[in-house]
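Can you read through this structure? Questions will come right after.
Chain IDs A, B and C follow the sequence of writing; residue 1 opens each chain.
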């Protein structure tokens, strides 16, 4: 009882302090995170914006499974599951008495509703292909859900852990964009547009009582706010130069982790002379990954040699396939009869693309390829490059986890078409044996490197900075989330 | 006078209608599908079609234009594609930053420039005048965003007296809110003050030579009284025009300055909305800004007509 | 220095000679000449190639090798400033040119014809005037993508009503003169009268206005480039350089100084030049800068 009263007193004091506008960094149960982009809305099942998941994933909304900091699948709403021998039937047992924040009980019927909504004909889910293998979702009893597949899907449990697969209530599904109601340890309090989003703990679910996501678009302002104590953490600082300011500061921890973002120089594989593997290899030889990583990201970022994340257990280091060698690149171009090549390089807005593009263009120039830089907005990039295939080169970070499968698709924007790769990937999809999967993933990576499909540059780093006393923050970013359910002050 | 006001009001209305049509047409042919942008690279064709229907993008353009105009007339704004709230609500929240910012800058520049300009006029071609005019030339030459960067560099990064950027919100207290607006307002006010000081100076110089001023002086009125009662009052005519016209500059300036200081105002809203292809937000915000400019010019015209009732040419 | 000292009382013939004794005007000439000279030199020579990236040499302070140091990608700041001057001049010339050609045409027609044509032209310019340059730039950019050309178009469009109004009001005064009317009487068409009598008389007003719009165009382009709507990398632009410098402010503040100084000096020079010319040519001219 005394403890309880004390807690009330503390929170009242904190409220008072907050009202008077004085920063309170040492508070033990509140957390203020700085984020760069404001989410367009807060419904992870109706948009691709990473900023949505960055607020609500695991905190407000829960799926059957969740993906943890290492990228592994963990139970969430489903406490356990079993898979039939043919890999076609998954049976999930829900954890005891989950509740939505509006008080309604979360039952198997809600899971059926959510997954059917995500894969149905009227679905506006940005990741609808995640559910493509699902044939039927049924409620066996209020605590049991059965998912039947039309074909084996090795990644089903992983896919169900995405933010796009969270379980929502039929009663609130339509209003989640502005007032998200989930079943997670934190409930949504308020959203001051352009400024901040506030969450508070649902009784005893987490060490923190209150979490505020403060939107600060400018990295230098984020740095200033951190130093001033206005915010406690910036999980992902978008300006690597800003990190330098903290590395010597004993009050802060700088966490350099990894993301799922393979940053690549995408090549239009069907457009002559880029359909010639020698030309693509010449481009690969022309790229000096170290200069790109240094110049673009101040050295933060891991060079990659194929389309695969270095932190993944099945990663194969193929960066030595095409070492930086301008002479070799020129020779290859000459051999292919593609000297004095003129190409376009379309660059979307992020720093890695715009800054990286300038460096890549200079490196290509050094081997005799004139790359004309064309900056584009995301809307134009999506329409021209991604949908329209109207490009020679572009730089983009593919941030979906385990997305090597894009190379097996027909008509994907870089137009890679390899029967060999497709068969390896088909085997991978069918297989659920970890050793076999790792072997197939290795083969897939090698094929991509061999064909020099794209200029594989580097894995984007996750650069986090937070106060030393803060524990349990995600260092890596296997999904674009800020799971604060395990965060506490020391 | 009444016909003049009615005529001006009709012109105002026609300008607004043409401007709204222009905005609508431009946004209509805007490349980039908002649905695609919302759903991202994994979007399927059927998903996109479903979202377009949900957003009403599949209806004929004329119907959407008329619906937009009708909505504005009754004060009902559309719902933002991205934020999923009414644009009116969004704009209202952003004006909480932009209006105080513009007002502070406006007040600061007037309070600095008018006395400076008068001071310079009364000391024509003497050191005081040269000093003020040097300030004005420099003030006009310095871009407001660069001045903003310099202010951040000195007062935020080096001295740490002010926040480098951002706005804590009025909930954080009046003091904290105003504190965050001081540097941006200063950056915005400098070029304004420079121009206004010049205009004040030449307007005062012109009136100083007028007959009634000489008469007032001859009557033995104290110089200070002559200056404030007679000169300033008449010099106000050209100054009103400039102040009104400055308004457009102030708005444009606040778009840039809000971006320098990452303030969640109208300027940043329109920026984000353009990059997210949130057409509904873009057209309402642009329309609002254009309407503000037009209405202020209208008011200046009317005020001009009242202060200076000589018949006016059609300009 | 005596910036802003005016010359209202001098008699017209004496003005040109007096002008050359005015320190502000001379300073304006000197600064503008420096700007133009720098741009011309940059056409044929810069200390380093503007796009010569050398990551290991980045963020160096001023040295004998790099007088103003290097930027984030190891490029020579001085070289980029020089090419930036070229960029600013091109933007200014083209944007003012667009405004002059269309504005003078429309203004002259409005003054010559009067009536409903005048009305339509002036109301049209009201509509264009209602869009601050930055808003039209934002819309144009959204429409056809960011870039130097689009920024120039936006600034040029903004200039059209400015010149249209100046031309029209000056031309109307000319049309009121006896000799202009006499031209019509002896059988000259309105076009010939405009060419022979009106344009020569409004030329001085236009020169002054063009100088001032030039300064405004440089400021506007810098702001647009700063916002990412103007000149795009790798082409150097003063405004863009300031944007890049802002993110590096905590570790390399020097980068935020030079481009700003360059903009301010260029604009100052053109403004002083314009003021001097106005005093010499037509002291009664209104200060249109505010518009």
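By definition in this document, a contact is a pair of C-beta atoms (placed from the backbone, for glycine too) under 8 Å apart; a residue touches a chain by one contact, two chains touch by 3 or more.
Just so you know, these numbers come straight off a predicted model, no measurement behind them.
Of all chains, C has its CA centroid at the greatest distance from the CA centroid of subunit A. Between B-C and A-C, more contacting C-beta pairs join the chains of B-C. With each centre defined as the average position of its C-alpha atoms, the distance from subunit A to subunit B rounds to 39 Å. Inter-chain spacing, taken between the CA centroids of subunit B and subunit C, is 22 Å.
With centres set at the average Cα position, the gap from subunit A to subunit C is 46 Å.
The set of subunit A residues that touch two or more partner chains comprises 220, 223, 349, 377, 380. Shared interface positions of subunit C, defined as residues touching 2 or more other chains, are 142, 246, 249-250. Residue numbers of subunit B whose C-beta contacts span two or more other chains: 31-32, 152, 157, 277. Across the interface of their complex, subunit A is touched by residues 31-34, 36-44, 46-47, 50-51, 54, 81-85, 90, 93-94, 97, 152, 156-157, 160, 163-169, 171-173, 175-176, 261-262, 264, 268-269, 272, 275-277 of subunit B. By the touch rule above, subunit A contacts subunit C in their complex via residues 219-220, 223, 239, 241-242, 244-245, 291, 294-295, 349, 354-355, 357-359, 361-362, 365, 373-377, 380.
Within the complex, the subunit C residues that touch subunit B are 1-6, 8, 24, 118-119, 122-123, 126-127, 129-135, 138-139, 141-143, 165, 168-169, 172, 215, 219, 222-223, 226-227, 239, 242, 245-246, 249-250, 253, 256, 259-260, 263-265, 267-268, 271-272, 287, 289-291. Those residues of subunit A whose C-beta lies close enough to touch subunit B in the complex are 18-21, 38, 40-41, 46-49, 121-129, 177-178, 192-196, 215-218, 220-221, 223-225, 228, 230, 349, 377-380, 382-383, 386-387, 400. Remark: subunit C residues 51-53, 55-56, 58, 72-74, 142, 145-147, 228, 232-234, 246-251 touch subunit A in the complex.
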